[in-house]
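These are the structures in question, set out in turn.
Next, two complexes with chain A in common: one pairs it with chain B, the other with chain C.
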Partner chain A sequence: MRSIWLISRTVLLEAIRRKEIYAITLVSLLLLTVIFSIDFFQIEGLMKFYREVALKIMSMATALTVIVLSSRQLPREFENKTIYPLMAKPLRRTSFLSGKLLGVILAALFCFSLFMFVYIIGTLYVGGGIPWSHFLQYIYLQLLQMMILTTLGFLLSLVMNLDAAITLGIIFYITANILITSFTYLYDFVGIFGKTMLTVLTFIIPQLALFDFSGKTVHSEVWPPLDLNTLAILTAYAFVFSGFYYLLCIVIFRRRAI
Partner chain B sequence: MNQSETVIEVRNLVVEYGRGANTNQAVRNISFQIKKGESVGFIGANGAGKTSTIKVIMGFLFPAKGEALVFGDKAGSVQSRKRIGYLPEVALYYPFMKARELLELYGGLHGLNSRALKEKIPPLLDQLGLKDKGEVLLKNFSKGMQQRLGIAQAIIADPEALVFDELSSGLDPLGRYELRHVLLDLKQKGRTIFFSSHELTEVESLCDRVIMIHEGRIVTESPVADLMKPLNLFEIIFSLDSASMPPVVTKFNPTPEGDGYRVLIDDIAAYSEALSALASAGAVIRSASSKSRTLEEYFIELVGEKGEKQAV
Partner chain C sequence: MKIMDSKREGAFALFLFLLFLASPAVTMRLNPKNYEGGRSRDERTRHIRNKSAAALILGEIRSSMSDIMFIKTELYLHSGVAYKLNLDYDALSSKGTVVEKGDQQDVNLEQLLPEDQRNHAEHEHDHDHAHHHADDDKIHFHCEGADTVIPTRKKDFRGIIGELHRRVKPWQDPSKPHLHTSGEELLPWYRLMTLSDPHNIRGYMIGAWWLKHFKKEAQLQEAIKFLDEGIRYNPDSYQLYLMKGNITLSLDNHREAKALYRKSADLAIRKRPPDGKISRDWTHYNEEDALAAIRLAVFTEKEYGDVKTALDIARRYLEIINSDLILERQIQQMISQDQ
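Moving on, here comes the complex of A and B:
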């Protein structure tokens, strides 16, 4: 466990000391500031819309950070040859991967915490309330999404180069968020083959839209928080996908020459 | 562990890169052993198969055939890596970390606790000429400083065996001198040292034994003392009219040297005879000395011979 922590601490340290994570955070914070500054209309509906957009921006910025961070972990180790002294230590390859996974999630949490802090301050500043049960569920579901994206980023970076892994990761994220939703509408208009394909794709591509609780958090007076059963199913769903990707990563990485 | 215990054993090792028609054999069926307490140099030109062999020993590469064992365990196993320290040929260390943090990471992975790390890191940095550099970010380290830090990470857990790929790569003369002292100290403590190097003078001064590899095959494996024995040559530099050159000297093909000649003789009796003949012929002997070929010269000759034989 200590070796996993040591590796993850290195990832976290890199994320904190490198400037790019702050660049993403700064751009997102600027957007959020603009959104929260538009409060002079005092129109509740508009305010809610802006808050929902703010939460979606934070989710997207965190997802992009996760994709970039996770995709580059392994290629950078190979490129800079830092993997050699590391793997010369009594460190299992699975521990190395687990450490990297934990580190990326911690780094993403660091980034996400900055967003959350600004969101809470901004919401309270414009006089809105935070529906805490909804808000905590939003954070939890984002964490599950981070886990899926991190393992996916690792997997992609093990089978292709860094640029391709990042590009495909982003495409995957957008696809999983948008296309899957559109499958529901398409389903009624396609033939048997199309229906089969859509069903297969629905099972292959994780439905990241399930983890987007921003709308329900903003409209909390209409939507109750998720019950524990649903949360458990969503957790299991996220673990199945991230577990499958992680398993593939282990199989590939254990056989890989360094 | 007794003195004769095998630390590293390589058996019929074959390393291949690529697949099918593009397969390139980097290491071709080599076998050797390194015993406890030995200091062994692994010598070869670029692309000879040194790094590939070392990578198999460390478990980074998987052999196409054969195997490598470290302390009796399969190379690359966690058990084997617990007892070994490794310095890679080229490595950049995390530029966003401080030297102290890096050593804490590597030492921690070796199982050292915080207290042990706090005790070990300052003297280790001092020993490697990095005193007061513990809190400096590695992005500000020069190549030589990074190499010194690399050595520090390899020895931080005081491993029983050390495997260094290109020992003094990137080090300036002072760094090499300091490193030699570190290694001699480790050698005196009974540590097993196996390293590849281009610096053959370094190999001469540090090794008990050398293994020479060329195009994936071992060409010589011998104690350094044995290799150096047949290398003795005698050199005479003299001035003499070419017409009066004694036959005992001409048979050794004198070559022009300034306004005189130079002759190399590989037999002490012939050397003595040549000196007498030159003196009798009225030659002015400018210098007469015993000259040893360096390991480097021996290696170049050996590799040249092999290359010629293969070309034929």
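Moving on, here comes the complex of A and C:
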């Protein structure tokens, strides 16, 4: 357990020290500042627009950070040969990967906290309220999504080169919403084979759109927060996919000659 | 090992490339096929876009962005629930409010006129739909029967995934009355929409319509500024002059409103097909707005200007549009008043 914590701490510290996370954060913060400073027809309290833009930027920036960070973890260890002294120690490969996973999730949390700070300040500046229960559920579901993206990033970086892993990870994240909508739409237009394929794909591809709670958070005055049962199912869903990718990583990692 | 890796990567890249090449096949059986980019387009807009240098570089992206924002406004109106597009955009730009296909709105432009004139200026609308929107409601229900993008449990093949999708996203059974929220929160999108595509006349129209809803001097002035910008980019749009006339009238600036209605009517007549025949390029709402502009030009001239001039222009307009019961009635009324 201690070794996992030590590795995750190293990943987190490295992420904090490196410039990428700040570059992404800074660009996003600039965007947020511009958005919050626009005066729309001298109307006060237009919260939905600000909330939506802030949540989207927050989510995208964190996802990009996580994809880049997770995809880089393993190739860099091999490239710099830092994996060898680590593996020479009594450290299990599962602990090594778990430490990396925890480290990236903590980095995502760090990223979120930076944005949350700006979001809260911005909301207070605009003069609106924060729907806390919705907002916290939104963050929680985003973290589950980041967990899937992290394990997927590890897996992709183990089976292809770094650039391809990052590119595919980003494409997968960006097209997540299109995928889920297009599957339901296409279903009515395809034959039996197509229907079977779409059903299989729906279940084997993690539907990241399920972790995007921004819609209800933006319109929180109309929709109640999610019930615990739904949150539990979503948590299990995220763990199933992350667990599967994690296991695949372990299998591939074990087969790698070190 | 390295050779194996590069082979595997090459095969994967080839697979992705083949998948990309095969992607058009996905759309072969889709319906409807005739996607038309650019909801904001009309003949003139297309012409301008094709001519401008900026359009050559950014035109399609700009208009697409603008359309995406238009769709966003529909989402906001339905509290985030995504319906398969069902809004009548012509109606939206004409009335500035939510009118769905098959639904007719009873808030007409003549409501701006003094009480005694309203009955004369009525549109010949089909008041056949039971569910209209109260102007001042913050949230109200509306029943249309449009399908949601996320299907109902009955129609969904995805089982638990579909169930989670319905729970996480704003969704409600399409058979139940739709939840409509106030349009004020939409205003930032109309602002961005018109910044993205300044030829999106509907964006200016609806934005101004919602601003008028505030019934406050500051927002009415903002609406005028907004419409002025729209007119600068779309000098031939009679609807923008008509809307500006409405707002100017709300500010009790009768003389300017009168001039704006005249300008709108003159532009409308120039655009209107000789017989006013409804077509793809001249819709039912174009015709209604044109008639509204003509009638309002006459009414405001009569009310705030000179009756004789009003009679002259009414006759001139009637000669051009051939027949209009309301205008004919007005002419008779003015003649009898004169006598």
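The working rule: the second predicted complex is superposed on the first by the 249 of 258 C-alpha atoms of A that agree within 3 Å, B and C clash if a C-alpha of one lies under 4 Å from a C-alpha of the other, contacts with A are read in each partner's own complex, and residues count from 1 in each chain.
Note that in this section a residue touches a chain if its C-beta (ideal position, glycine included) is under 8 Å from a C-beta of that chain, and two chains touch if they have at least 3 such contacts.
Values in this document were obtained by computation on a predicted structure and should not be read as measured data.
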{"item": "Superposition on chain A - do chain B and chain C clash or fit", "value": "fit"}
{"item": "From chain A, separation angle of chain B and chain C (C-alpha centres, steps of 10 degrees)", "value": "150"}
{"item": "Chain B versus chain C as contact partner of A:L198, first or second or both or neither", "value": "second"}
{"item": "First, second, both or neither for A:T175, with chain B first and chain C second", "value": "neither"}
{"item": "Touched partner set for A:R2, first chain B, second chain C, both or neither", "value": "first"}
{"item": "First (chain B), second (chain C), both or neither touched by A:T235", "value": "neither"}
{"item": "Chain B versus chain C as contact partner of A:F49, first or second or both or neither", "value": "second"}
{"item": "Dominant toucher of chain A (residue count), chain B or chain C", "value": "C"}
{"item": "Touched partner set for A:G215, first chain B, second chain C, both or neither", "value": "second"}
{"item": "Chain B versus chain C as contact partner of A:L186, first or second or both or neither", "value": "second"}
{"item": "Where chain B and chain C come nearest after superposition, their Cα distance in Å", "value": "5"}
{"item": "Chain A positions touched by chain B in one structure and by chain C in the second", "value": "257"}
{"item": "Chain C-facing residues of chain A, complex", "value": "38, 40-43, 46-49, 141, 159-161, 164, 180-181, 183-184, 186-187, 189-190, 195, 198-199, 202-203, 207, 209-213, 215-216, 218-219, 222-223, 226, 230, 233-234, 237, 257"}
{"item": "Parts of chain A lying in touch with chain B, wherever the complex brings them together", "value": "2-3, 6, 9-10, 13-14, 17-18, 80-82, 84-92, 255, 257-258"}
{"item": "Chain A-facing residues of chain C, complex", "value": "1, 8-9, 12-13, 26, 29-31, 76, 79-80, 139, 149-151, 156-158, 160-162, 164-165, 167-170, 179, 181, 184-185, 187-189, 191, 211, 214, 218-219, 222-223, 226"}
{"item": "Interfacial residue positions of chain B with respect to chain A in the complex", "value": "55, 58-62, 78-79, 81-82, 84-88, 90-94, 96-97, 101, 105-106, 108-111, 150, 153-154"}
